[in-house]
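For reference, chains read A, B, C, D, E and F in written order, and residue numbers begin at 1 within each chain.
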Amino acid sequence: MKLLLVNPNTTDTMTTGMRLAAEAVAAEGTEIVAVTAADGPESIEGYYDEAFAVPALLDAIRAHPDAAGVVVGCFDDTGVDAARCVTGAPVIGLCQAALHAASIVAGSFTVVTTLSRSVPAIEQLVDRYGYARMCRRVRASEIPVLALEDPWSGARDRLRGEIARALDEDGSEAIVLGCAGMVDMARALSEEFCVPAIEGVTAAVKAVEGLARLKLTTSKRGGYAPPRSKTYQGMFAGYGPG
Amino acid sequence: MKLLLVNPNTTDTMTTGMRLAAEAVAAEGTEIVAVTAADGPESIEGYYDEAFAVPALLDAIRAHPDAAGVVVGCFDDTGVDAARCVTGAPVIGLCQAALHAASIVAGSFTVVTTLSRSVPAIEQLVDRYGYARMCRRVRASEIPVLALEDPWSGARDRLRGEIARALDEDGSEAIVLGCAGMVDMARALSEEFCVPAIEGVTAAVKAVEGLARLKLTTSKRGGYAPPRSKTYQGMFAGYGPG
Amino acid sequence: MKLLLVNPNTTDTMTTGMRLAAEAVAAEGTEIVAVTAADGPESIEGYYDEAFAVPALLDAIRAHPDAAGVVVGCFDDTGVDAARCVTGAPVIGLCQAALHAASIVAGSFTVVTTLSRSVPAIEQLVDRYGYARMCRRVRASEIPVLALEDPWSGARDRLRGEIARALDEDGSEAIVLGCAGMVDMARALSEEFCVPAIEGVTAAVKAVEGLARLKLTTSKRGGYAPPRSKTYQGMFAGYGPG
Amino acid sequence: MKLLLVNPNTTDTMTTGMRLAAEAVAAEGTEIVAVTAADGPESIEGYYDEAFAVPALLDAIRAHPDAAGVVVGCFDDTGVDAARCVTGAPVIGLCQAALHAASIVAGSFTVVTTLSRSVPAIEQLVDRYGYARMCRRVRASEIPVLALEDPWSGARDRLRGEIARALDEDGSEAIVLGCAGMVDMARALSEEFCVPAIEGVTAAVKAVEGLARLKLTTSKRGGYAPPRSKTYQGMFAGYGPG
Amino acid sequence: MKLLLVNPNTTDTMTTGMRLAAEAVAAEGTEIVAVTAADGPESIEGYYDEAFAVPALLDAIRAHPDAAGVVVGCFDDTGVDAARCVTGAPVIGLCQAALHAASIVAGSFTVVTTLSRSVPAIEQLVDRYGYARMCRRVRASEIPVLALEDPWSGARDRLRGEIARALDEDGSEAIVLGCAGMVDMARALSEEFCVPAIEGVTAAVKAVEGLARLKLTTSKRGGYAPPRSKTYQGMFAGYGPG
Amino acid sequence: MKLLLVNPNTTDTMTTGMRLAAEAVAAEGTEIVAVTAADGPESIEGYYDEAFAVPALLDAIRAHPDAAGVVVGCFDDTGVDAARCVTGAPVIGLCQAALHAASIVAGSFTVVTTLSRSVPAIEQLVDRYGYARMCRRVRASEIPVLALEDPWSGARDRLRGEIARALDEDGSEAIVLGCAGMVDMARALSEEFCVPAIEGVTAAVKAVEGLARLKLTTSKRGGYAPPRSKTYQGMFAGYGPG
């Protein structure tokens, strides 16, 4: 089974980090195809960045029609609804996957993300996915996404400080790491703070791998129906695979 | 005062229709600048179309930095959040404007849109804007957007049939016309059915014109802060003003 | 176009302040008729005061049948539902208008009002209008309404202190001023705190002026139908204009 | 213990009907003092009627300061919030009492009221009291309130027809009778339809009688604090007890 | 009228405390039959304890088929839904009864319970009963249930400290005591803090006594229908009355 | 990895059906241990049955401390909260798993279950898990659970009829099969109706298998903390493994 992991952040080192994490948890027989979007922002930090990330994301999905499942590698779940229109394979973003996982292992949780500007978009997702009651708060640690890759940035200490505040002030039972760049931190944070620390990349890989194993496909009745008219797609040749 | 009306549907006749409607209600001294997006789908019918419509929409907004207010001419409120990041002028989409208007003149309403595939996106907006209780139902009349422009398509009769069912079955006190292409039908439908029939283009023009008159600008604290890093914007040269 | 602004607080200086603010933002051709209710509390501070303010408010509206739109000049939206029954013109209160405006220029906001006793009524309006998620908190600055008119009361400093706390503790992107008596403070507070500070009188004037321009009228199907039997109206002669 | 039952509908026969029902269920030692409001509509049917019913309702409550509990005899819970400001005794309206009772003996219910115009006000109460999920629907039987008193009006048959539809179409487990004029019908309807049929007058009497027995009084911290300034009360001399 | 009060906590002294409180508020002619469950945890502190408390609770109810009403003496409302299936008498738990009472005498409230582990179960009840907006917070005072019976445990002081914080930080208008073991503290706390302090046992007794007086019985249409097949009941002989 | 699948319905043929379905989707290296609860109802149909099913369910979980994940084989998610207290392994019920899966492959869905009496419990779960907006309706096909095992009962035709109505009347994009006994029907129904038909057993197996692979464990901070006092556990010897 081939799972497609598209990183809409056009930063290859992030893609590599996600791929390694995904491969570490994939079942035997699952192949992870990790792709960096051809165009778009280096790191998605808010609504504006999301807008420019989606066309190349959709192109990447169309370029892999044999994928049995698709992970959109961004905690904003950028373009997930559009992606569900262009493939029958199940599609999930990091946020939905992480929230699902958190809702099974805990009765309440706090999302800790990077910058304040990213908080409202995540709050909208929390609400849309039905976790307004379970999710006590979406907190920003004020770390730029790419600083997470720099060991000297002090980013991890700020993240740990925010998690400590989440447990103390919000009374949450688990922590959701609200950024794809935190993919390799979950285990250590979980051990340090003695609560589940949930990371979206691995949660998403297992979610779509599971659905693909059940042979569930995206409903084509309603909002995820294939695009009706394709005449304008040629306009976006700059994004496409050919 | 200059108001920018961007039509993210790349169909000039729709833009003209919106412009005429907008000019008919604008206050003295308000200039309507109506622009068709340079790239994107002819008509936005669902999530996929939305994704490809946003980059050119944002370019159009950046090309008019002197606009005192911006109307996004689509009932899906396509790209409105991103648009609020690139300008300080107030920005509104047709859906939010129409729902606001409906909530003042009626205690409940039904949205009647074009195709079933467009319903879920509108339902999400209804919920996000807080109208889940006032909005009794989002109904599709199964009319393609562009058929609204064809007098022989029977589209208007189907729309009238769906409105009749909305009043009868939903018990709604008003009708919201859920498509930019219905801009010129509101008055006649209102008279025929003896309830307010609310259309988004004119509602949106008056809403941003009013906010601009109050000198209210979009908050730059939080989700609508300006994009942090602009390095990737060059990648989208094909969309930009040059 | 004639817009009726009724102040259900029977304090003429408040009415004058509202009228001046309204006139400053009205479009060319819009005439503001500002009326102080003939009977009722000097300042509406909670449920009890509201109850006694409504009959005279309704009388004032009936006395101006030619108004194209009606603003109820109280942040509790006192009597707005009843007012919608006695006129076909669109009617709005300060709270609904301010919340609408805030929801366009910000992703979240805090309402800062006068006394704690007024908070629950405003919280109910926030919820009813669908802003429970966008409105982070309704805060009291513990200023009596009429103290706002007294330059030596220290009221403005207390208000500024509460706004500072709202931005710091609630993380809100905008401030809604929750009292008609704050009509002249919005601009200065907006500049001082670098976020939109939204005031209801001017927001309401532009909202009903816009709806009136669209020739939208209050639905008479359902809750806002005209009163069925008028036999008891004579009992309230003490409230009426004649 | 003296319980005050105020009928804000100024129709004495309704007051008598309520009093008889109340006395039939009162505990030993409970005295029911039933009062018709001195002024106001003959029957409250919607927002407008409510507005004119409240001042006399409040006067009646102030005239009985020794009441250990107060029932507002209207299913719109007209003026209940204001009433809680003028007495320390617990105050309840028919709607809140009936919904409470229904939520104990059934998992879901339908409210059947008189006219369509009354539906939106009841829907708002259902939502405010937290019963949006339990209450499947608020239905109108299109019976004017006073027709309920006329045995030849056919009102009871229409009511029975609407109850039958509620059970069939809504799948509800109980019926709430949404009008004070239905006070004597609950038992017979309950037996006919084999589901609980809940009537508000008796439910309210038992609710406040119970709270009074527990010596619980209305909180004076927050929204139900006593009116701050009473200077304007003299203006309403026409309503007062002296 | 005979009311059954079952304590699913198998601690007789708690049962005695509840019985005395119940008898103190029962109407003339109401007999309180207080029963300690034959099996189960000494004190119910969370989901696990609840699970083991229910079978014996149901047996106790079946053993008293002549009860006109049933109170489940636990603030987790343990087994209330199941109990409603085995009797036609109205059944209520302490939580639902206390929340109902609080919603009449206050506009907002805080629940103060014993241990953190009990908070999530109560939060679920608050939400299910529709009080998510009125209930500002569910707080734990970190007192084990049985410590409430030990005058030297310092439990009462910790409870008072938590109530003080609830009033200060939550701005609540009333306090709900979230544990059956707090049955005798309500009056004193109410006087000390000058807000209603509501206790569930007495609230529940008056609620079911009232419903029984109205001859309302549990709906047998839907979720509370009698168990369809009883063949497995014999398996639970260890719990039954013989 | 060993996954424990406990069937709280004490019907061995159901357990066998679940086991076969689970084994068919388990990853290589995953061992399914399927256990029928030692005591309890043959089929869980509503609140009462649930109550008697939980103690033996918990005993079965305690008897397999080496399980890396636990599936509670009932669509009522019977005892899931209590189960999360007695193990660190992730625990999920069929309902939560099926709703999660549906929310990924569709924008809306209808749950089709067996009897009307089971509907309210499922509606509560839908609401608790946050799917009140996505789930259009919970429908009963009026089929007793065990009839699903009888090929001559006509049960499948009734189920198919209800699914057809769900698609037609609710406009749902997917179907959730709301009973463990429907485990083998999903594939055929999915093909017949051309929408995803989601079944809980396989969805639950993949969900906990995935979480176990991520080494996520149930939070012990808050509601799922281990039972504090175990002294009463001996009382339930009749349920335990010995």
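Keep this in mind: contacts are C-beta pairs under 8 Å (C-beta built on N, C-alpha and C of every residue); 3 or more make two chains touch, one makes a residue touch a chain.
Note that the structure is a prediction, hence the values are computed from the model and not measured.
Listed by label, the chains touching chain B and chain C alike are A, D.
With steps allowed only between chains in touch, the distance from chain B over to chain D comes to 1. Across A-F and D-F, the chain pair carrying more C-beta contacts is A-F.
If you average the CA atoms of chain B and of chain F, the two centres end up 43 Å from each other.
One inter-chain figure worth recording: chain C and chain D are separated by 29 Å, centre to centre, where each centre is the mean of the chain's CA atoms.
Each chain gets a centre from the mean of its Cα atoms; for chain C and chain F, those two points are 51 Å apart. Residue positions of chain E touching 2 or more other chains: 107-108, 116, 119-120, 127, 132-133, 171, 173, 222-224. Viewed as a contact network, the protein chains fit none of the simple shapes, being neither a path, a ring, a star nor fully connected.
The chain pairs satisfying the stated touch condition come to A-B, A-C, A-E, A-F, B-C, B-D, B-F, C-D, C-E, D-E, D-F, E-F. Contact residues of chain F toward chain D in the complex are 116, 119-120, 123, 127, 132. Those residues of chain F lying in contact with chain A across their complex are 25, 27-29, 90-92, 96, 100-101, 103-108, 129-134, 167, 171, 173-174, 187, 194-196, 198, 202-203, 206-211, 213-224. Partner chain A is touched in their complex by these residues of chain C: 107-108, 133, 171, 173. Taken together, the chain E residues at the contact with chain F in this complex read 10, 39-43, 45-52, 54-55, 58, 79, 81-82, 84-86, 115-121, 124, 127-128, 144, 222-225, 227-229, 231-233, 235-236, 238.
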